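Next up, some structures in structure tokens.
Shared between the two complexes below is subunit A, which pairs with subunit B and subunit C, respectively.
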Partner chain A sequence: MALPPNLSQAEFDSALGEFEAVVGTDWVFSSDADVALYRDSYSPFWGEDEERIASAAVAPDSVEEVQEIVRIANRYLIPLYPISTGRNLTYGGAAPTLTGSVVLDLKRMNRIIEVNDKRNYALVEPGVSYFDLFKYIRENGLNLMLDVPDPGWGSPMGNSLDHGVGYTKGPYRDHFGSHIGLEIVSAEGELIRTGAGAIPGSDAWQDFHYGVGPSIDGLFAQSNFGVVTKMGVKLMPMPETFMNCTVTAPRYQDLQAMIEEVNYLEDSLLVGMPFWGSPVGGGLFDASPITELMQNGWPSVEQLEEFVTAQNKHAWSVSFHLYGPEEIVHATWAAIQRRFRDKIPGVAFQEEDLHNLPISDEDIPALPDKALLGIPNLEIFHIVARNPMTDADQPDGHADMFTMTERTAEGLHTAARTLAETFIDLGFPPATHPFTTPIAFYSRAYCVAILVPTWRDPAKNAASRALYEKCLDNIAEKGMGTYRTAPAFQDLAVSKYSFNDGALLKYQEKLKDAIDPNGIISPGRYGIWPANMRNNRG
Partner chain B sequence: MSKLTILCVLFFSFAGAAQAQELSPSEASGKVVFDKWCEPCHGRVAGGVFGGFGAHALPGTSALMIKYKGDLPPVLEDRVDLQPIYISTVVRNGLYGMPITRKTEVSEADLENVIAYLTRPR
Partner chain C sequence: MINRRTTLKLGAVGALSGLVNLPLQARAFYSNKTSLLPVQAVYDSVYSESLAFANTMQLSSNSNISAKDIQGDLSGLWYGKLRNQLISHRSPIIGLTSRLDLFCLEELARDVGMKVSLRVDHLIDQDGKVEHQLFGSTLANSSLENLGHTAGFGSKMAELSQLFLADQSPDISAQKLTGPNAPLNKTALVTWVIS
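Take a look at the complex of A and B:
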């Protein structure tokens, strides 16, 4: 296995001994078999020299142990790579950005310190999963709804710190945006609390996030400025009811008017996450009509309108979950229908039954959209598990790329076209098309999602990497970037945010050098390399 | 309700009760670990519907139904052919979309209990 950079085996053995003195011999993992458990299962470099491999892992149980480990790492100049649950699949998993780092595995720190359903927050440690928090809330009869990402085994803290997202109301879907108060072990081992948590004796840590002076919380997301050991999570009070409602519009060119209306509803906090779709966009397992439409390049608007008419279906749909008291849900739905009817000729509406919340234990398994109700699950793994589309050539993982665009039809179509043409240029069937719809995880931006398969086969991975990188290049040429990516692509993704000769990254690296002078916390994470390792930039 | 259905209900009710009573402490612990770490993908689906995509289907169960095409049960808890080495290898190495599971998540003792549960005599 790898060694930390510039460290001899004897020095490393000595450091491991010091780690063992802190956490016990059971919680330092240095055998080849144990270190292999920290590989990224979905690595786009699996089995190649460039695969990021840890040198060891150490798993503390307390903040004090984290502080001791950080101090030891500073003495030996050993890079540490903190993970919470290490389930950040498609974004690197548990594997470090820099080969030879020691993974600081925080999974054992799994205490739910407080959940308050009068002031609507939780305070958790890194190793708590969404499943754990959901179970705690249910077992204690607390009147709260979580906002969960697709896989429920991840950590609310880890997901937030990687800018993860969910599915309920706008302010809660942005998980870092809905954190409230951090506890951090600095790169030099000092304990810091942010917001009201910095006032000794304060009981408002999870109520008041600013304190006074500059907020530093943002420095600890997608970064490497410290080790977060506690985080507050704002939670939504459990709504009394929910109802799923859908609006459809008949023409290809209706999309911009729909978007403007949805933006009004979303930004007024009247609806849950808008789920966009296209009734003519082809089924999940049958995209043949669209493939045929795109045979001669990107179709004209006239061709697209003709295609919609020939399908005898509406071009676009958007569904909302409406949450709240029954009277308000019904009134909101009536207002939504009135507003769309006034603006777009020919719109149609569908509503499903109104349901009382919380959902009973018996009814959860059959629920189709668990994440929309904050119920953690793993059903998203259908997209990577063997399914009818992949049965013949089953990938081992995937690298997700979300192109971020403004909330306009033009922005969406530009992203979809750029990605489709990139796929075609590199010999792949296009993953996007004129009826590609956005994902509205972030309430003020659109994500256009593509999933690039990853493999245990180096040749196939090389092709996947080339595709992923070319997509990043081409969307950047159109003024777009991504929001999150695996270590293999972080330097490239960050390089696209290059305004004024890369002033942003230069500033981040000045901070890095000041805050973490030995460069021991996650060197290279999201492109931030310490001064002594800048030549590692890919 | 037909006579056959009544007999089946009675048989599986008794079989279930006997099974629950017969779990050793290790197997019972393994069932708890299985329910937390394995069941969300590989569980038995309410209503017995497998193989779909989305509601009423779990990814691991669906994947195994597609993979084995009826030659083996898609629900892991229904398998009687699983070998300890196979279970530990898949848990620690992952397989296709199923990722690696670390010892801070499922300890070696937990894994032994899961193996005891899935390979118990039936």
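Take a look at the complex of A and C:
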């Protein structure tokens, strides 16, 4: 069993006893079997010395208990690793960033404090899952739609605080961007509320985000500056109807014009998440038909246009999800068609049926894309199982990397080509190609996704890690980085944000040293190590 | 009555007792007591072996079985009834499902402090030949010797269920053994106990 750094077994036992005095003996977990529950099922270091392993877990039931646990941890210098549901599997799951940390499991803090469908928000504790909130909204007949990630078994708080994303309209699918108001237990056990919540007796905590003066909310996402114990979530009023519609463009070189038009629609808040595709290239989880075309290197534009012509299909597609009153949905679709027809010769259009919302419980199971309507589900596991990167051998998990690019065809193609060449250089089949399409999780940036397999086999994991790290290196040379990553890669990913000799990280470290002088909250998370552990970096 | 304003004020001044009486929104966490209530048996009627497992369980002389069909929607089962039942009375669950469904259940079961204590992996190749492998138990090892390598193991797993449920050894070798995916060109089913 792992121990916290620099602590003897006797000292640790003493600390565990103090934890038990706060939360009760039933809620401190130190047996091998209990601690094993907090292993990262997708760890790229599974079974190796570098796998991050907890020493114990403690599950408080209240803010006051969290405060006391933090104070105890400070006395013993025990690193804590707060989790809500702990199921962010490709990004570390419930496992800590530093071996020997005590997982602060906030699952018992599962109160839905308020859901308001007149001002359209919810106020939740860490242990509330998307499934819980969805069920609450349905059972209480509230006129609200969630924005959920895939899979939906996580928590709004946990997902938001890791910059997680969803699938509906721009303001809502950036989950941290749609939070409103935090309550935090600081690293020294002090209770803080942000925004209007800092005014005693305020009823506008979930209405007014900023308060007055500098907003500190961003310090608590992808970081280790405190323990968030409450979070407000902006919610979309349940739309009256929903319709999916698709635009396709014939030529390879039509992409930039399509992107510009989609940017207009997205930034004007006229559409939900654009879903990009390529009828000739296949999707993220489809086998690429252009492997043969890539055998002699990245094809020229002329070769790609010839390929498209030979396939007798359109080169690109983008689907829009339109939400709102029926007359507005139809009018928006008419406007979309007019705008595309004016800009790109030969475009084609397809619309699906209009659906009245909310969908009834009986009709939900048959829905093909539940997440588009804010319905949490676990169906993504069936989809990812078909990842063509792993056709030859089925992995035990995956480490995701999303290369962030500007919203241009050039940016997209640069990312796709850089990743493809990296894969080929390291002996892997390319996961990207000239018809790779972006994912628009963030409304004003593109993600180019790769899922690097992880295993229960150390040799295979070593190869996967080398691939992932080389991808990070090579996209950084093109001025690109990732937006989220597993603990195994956080130091490297953060190091690429190195403008002015790493000024950003140095600033974050100054804050860390001031806010958490004993370095007890999630040391090393997203590359932020406390002063007494900076030699751990890398 | 405790309302939002009262809740937030209490949080600010550190009075714990007022939070206990939150209406409706608050859910009591699990009672942390094991129970003699019915054993939950989980199956997926998509798979014939799983269906046979459930049928044999229900036909057994032990009437203390409540069989639940995933029907392709594990989240509906877990968040619908199963989790709340385990919160109220934590009792062992036994099942024969796909590897993917066990993977998800194992992650979800941590919410109620339960873990995979035993699993038998059944890998079925394209010719129907089955390989079985047991993890997390020494008591049950000999019972698998006569399992054979063809169809029909589902009902046999049900017949062995009492043996599986009785084995409460602290061996953690069955935990997080694999990811969710089946090996290439094979169907991966698992008999398991979560306790």
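The rule we apply is simple: the second predicted complex is superposed on the first by the 522 of 538 C-alpha atoms of A that agree within 3 Å, B and C clash if a C-alpha of one lies under 4 Å from a C-alpha of the other, contacts with A are read in each partner's own complex, and residues count from 1 in each chain.
Simple rule for what comes next: a residue touches a chain if its C-beta (ideal position, glycine included) is under 8 Å from a C-beta of that chain, and two chains touch if they have at least 3 such contacts.
Note that the structure is predicted; figures quoted are calculated from it, not measured.
Novice: Identify whether subunit B and subunit C fit side by side or clash on subunit A in the overlaid structures.
Specialist: Aligned on subunit A, subunit B and subunit C clash with each other.
Novice: State whether A:V212 touches subunit B only (first), subunit C only (second), both chains, or neither.
Specialist: neither
Novice: Touch test for A:A10: subunit B only (first), subunit C only (second), both, or neither?
Specialist: Once the two structures are laid over each other on A, A:A10 reaches no partner at all.
Novice: Given the touch rule stated above, what does A:L367 touch, subunit B (first), subunit C (second), both, or neither?
Specialist: In the superposition, A:L367 touches subunit B alone.
Novice: Determine, under the contact definition given at the top, whether A:G86 touches first (subunit B), second (subunit C), both, or neither.
Specialist: In the superposed model, A:G86 contacts both subunit B and subunit C.
Novice: Name the contact category of A:A459: first (subunit B only), second (subunit C only), both, or neither.
Specialist: Once the two structures are laid over each other on A, A:A459 reaches no partner at all.
Novice: Report for A:S31: first if it touches subunit B alone, second if subunit C alone, otherwise both or neither.
Specialist: In the superposed model, A:S31 contacts subunit C only, not subunit B.
Novice: Tell me which of subunit B and subunit C touches more residues of subunit A.
Specialist: The partner that reaches more residues of subunit A in the superposed model: C.
Novice: Quick one: which of 2-10, 20-28 or 110-118 on subunit C sits on top of subunit B after the fit?
Specialist: With the two structures superposed, the offending stretch of subunit C is 110-118.
Novice: Does any part of subunit A touch subunit B in one structure and subunit C in the other, and if so which residues?
Specialist: Shared contact residues on subunit A: 29, 33-34, 36-39, 41-42, 85-87, 89, 94, 107-108, 131, 152-153, 365, 377-378, 381-382, 385, 391, 394-397.
Novice: What residues on subunit A touch subunit C, complex-wise?
Specialist: Touching subunit C: residues 26, 29, 31-34, 36-39, 41-42, 61-64, 67, 85-87, 89, 94, 107-108, 110-114, 123, 129, 131-132, 135-136, 152-153, 183, 191, 193, 197, 200-201, 203, 205, 230, 365, 376-378, 381-382, 385, 390-397, 454, 456 of subunit A.
Novice: Any idea which subunit C residues touch subunit A in the complex?
Specialist: 4-5, 7-9, 11-12, 14, 16, 19, 22, 25-27, 29, 32, 72-76, 79, 100, 103-104, 107-108, 110-111, 113, 115, 170, 172, 175-184
Novice: Would you tell me which residues of subunit A are touching subunit B in their complex?
Specialist: 27, 29, 33-34, 36-39, 41-42, 57, 59, 85-87, 89, 93-94, 105, 107-108, 127, 131, 152-153, 284, 365-369, 377-382, 384-388, 391, 394-397
Novice: Over in the complex, which subunit B residues touch subunit A? Could you list them?
Specialist: Residue positions touching the partner: 36, 40-41, 45-47, 53-60, 62-64, 66-67, 92, 94, 96-105.
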